[in-house]
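One chain, chain A, links the two complexes that follow: it is found with chain B in the first and with chain C in the second.
Showing the complex of A and B:
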């Protein structure tokens, strides 16, 4: 548990010491939302129906951007061997990195969400339900993303390979469930009405966390 | 080596024989479907290739699990070979299904149909698996990461069945086949086609594994020559 905490704090410290990644991710979210705004200013469309896909596309693209360097930077800066030689289990490296990344991505998402409400005037949905879905979806996204980021850090073209490997798995699990239940929330559903989706996303979260926890050992070993 | 060759020739023989019988049954023996007409005959090849692709991806999962457990490279080779063939058969299943749908539904693809969507995602996952293998150097590292990815990729399949329930809440699932109206002769044709495709799969798998073994031998020989010269 101490090892997890140490890794968690180390990740956050690096992230905030070199603020570049976060700032670029924030700018990227802004760009994506602005492009959507421009694209939809020419055609007649229902804001409420498009809200959920717009939000999630923004989340996933900016999130993927901040997932890519999670393990790659250890390779680039030559700290990977030190990390592996330290007397801690790979599982705690995974958990620490997952927690730090989850917090960073969640922060990015809250920023994008507030920008979304500025750019797109929609009737305010049930915020408790919306935030619950966002938090749960982000847990799964960060858990799977961390594992895939560890896998792709071994590849020669890791920046391209991360989305190639991550998207097909996420698409059918977290993305689909989150997008469909977020649409319902924007159409006026409350927490109770989307309870089925919440259960499903929780299952995905647990499966991705467990597979990361169990399999990271094989990914990191030489 | 001789015995191995015998098994190979036997598999090839059975596959060829069953394929010819299957073609005969599908085009001449099986009656024309009352509602759909001749286009229904594509169904025999469609179901057979879809079944083989699921089987191949299942073998990939088993190969990956056994590799992580035993760390023997032959299981990694099996997983890779099976995934490659599975992608080919999955492509065939998707294309034949789309051709059938164009005639019967009037459109190539129904995005709201869960079964189609799921098969496409499965195809994408295993294309990503092959891209992962193509992008890394041969060795233990590649075997490790591709086994991990193969396992997570396959985990998606049962999970997606669960997701089906939620999604179909918005979009009604279209029943893609006409199981209810199958006659006995149609069932027989289908069974023969499935067996024929399975044997073709086994033969291709054997070929692919032989090929990989040869490649490894060549690498070893090259190494030896290099050592001698150096």
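Showing the complex of A and C:
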């Protein structure tokens, strides 16, 4: 637990001190939302129906941007072997990085969500339901993203390999379920009415977290 | 009486068709400063990574502190320090923060006292709160040594420790190694440079074609002669 906490704090400290990834991800979110706003200003559309895909596309790309360097930067900076030589479980490395990444992505998403409400004047949905879906979706996103970031860090062209490996799995699991339940929320559904979706996302979260926890040892081994 | 800290028997390691280590035998005793020389590509770094549990050997047996390497990885890692030509340090963290992070990973007791003590030992206490990014190569290497010995390991691996260091920094590093050796620490050092490594060693070896071809006490002149002969032979074989 000590090692997980140390890795979690180290990740956040470096992330907020360096700021590079966060600033780029924030700018990316802004650009995506502004592009959608611009594109949709020429056509008639139902804001409440399109809100969900707009939000999740923005979350998806800005989140992926912040996931890419999670393990790659350890390889590039030559600190990977330092972590592996420590007398700790590789699962601690996964958990520490996952928790830090989850918080960073969630922060980015909350920023994007605020921007979304500025760009797109929609009736305020059930915020408890919306935040529940966002938090649960982000857990699965960060868990699978961390595992695949670790896998791709050993490959050449890792920046390309991350989305190639991550998108197909994430799209048909977390993203699809989150988009459909977020749509329902914008059309007036409350927490009880999306309970089946919540259960499904929870299952994905557990599967992705367990996969990362159990497989990271083999992934980090050369 | 010699106390064996590391014993490797018939170690082999290949990467694809490339056999890097071939039936290698090695013993390191407590208190040794064992320096292993070898040309670039001789398999020095691979050997060090295999001995330090970072890579598994394909075959053979490694015993560290009386424990089988592959069965007691975490216990062994707690007792070894590793300093590579990569410093394992985070540029965006200060010297203190880097050591504090590794102290947590190694569950170091009284960590504040220990970090202070170790920073003073490597002469970097006055730069404790400066980011590693602002350090010279020599300072980063000294901090890297501090990181490697922070948890008071019994056996310390140094992989090309003189890489990128000026003469003054090399001297400082050698003095630190000798000082730690006097306190009972055992060192296994690999380098290609006989001038820099020989003087602090009390045991030497030469790695060639994936195996240790010389492992005995010779004076510097004889050892250098043998080493140069091996380097020439390797160059001829390559051509």
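In the analysis below, the second predicted complex is superposed on the first by the 222 of 222 C-alpha atoms of A that agree within 3 Å, B and C clash if a C-alpha of one lies under 4 Å from a C-alpha of the other, contacts with A are read in each partner's own complex, and residues count from 1 in each chain.
We take it that a residue touches a chain if its C-beta (ideal position, glycine included) is under 8 Å from a C-beta of that chain, and two chains touch if they have at least 3 such contacts.
Predicted model, so just to flag it, every value in this text is computed and none were measured.
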| item | value |
| --- | --- |
| Residues of chain A touched, compared between chain B and chain C (which is higher) | B |
| Partner chain in contact with A:211 - chain B first, chain C second, else both or neither | first |
| Which superposed partner A:200 touches (first chain B, second chain C, both, neither) | first |
| First, second, both or neither for A:46, with chain B first and chain C second | neither |
| First (chain B), second (chain C), both or neither touched by A:10 | second |
| Partner chain in contact with A:156 - chain B first, chain C second, else both or neither | first |
| First, second, both or neither for A:176, with chain B first and chain C second | first |
| Contacts of A:88 with chain B and chain C, given as first, second, both or neither | second |
| Where chain A meets both chain C and chain B, residue numbers | 221-222 |
| Sites on chain A touched by chain C in the complex | 2-3, 5-7, 10, 13-14, 17-18, 77-79, 81-89, 221-222 |
| In the complex, chain A residues that touch chain B | 144, 147-148, 151, 154-157, 161, 164-165, 167-169, 171-173, 176-177, 180, 196-197, 200, 203-204, 207-208, 211, 215, 218-219, 221-222 |
| Chain A partner contacts - residues on chain B that touch it in the complex | 68, 117-118, 121, 124-125, 127-128, 131-132, 135-136, 140-142, 144-145, 147-149, 151-153, 155-156, 159-160, 162-163, 166-167, 170 |
| Residue ranges of chain C in contact with chain A within the complex | 49, 52-56, 74-75, 77-78, 80, 82, 84, 86-93, 97, 101-102, 104-107, 147 |
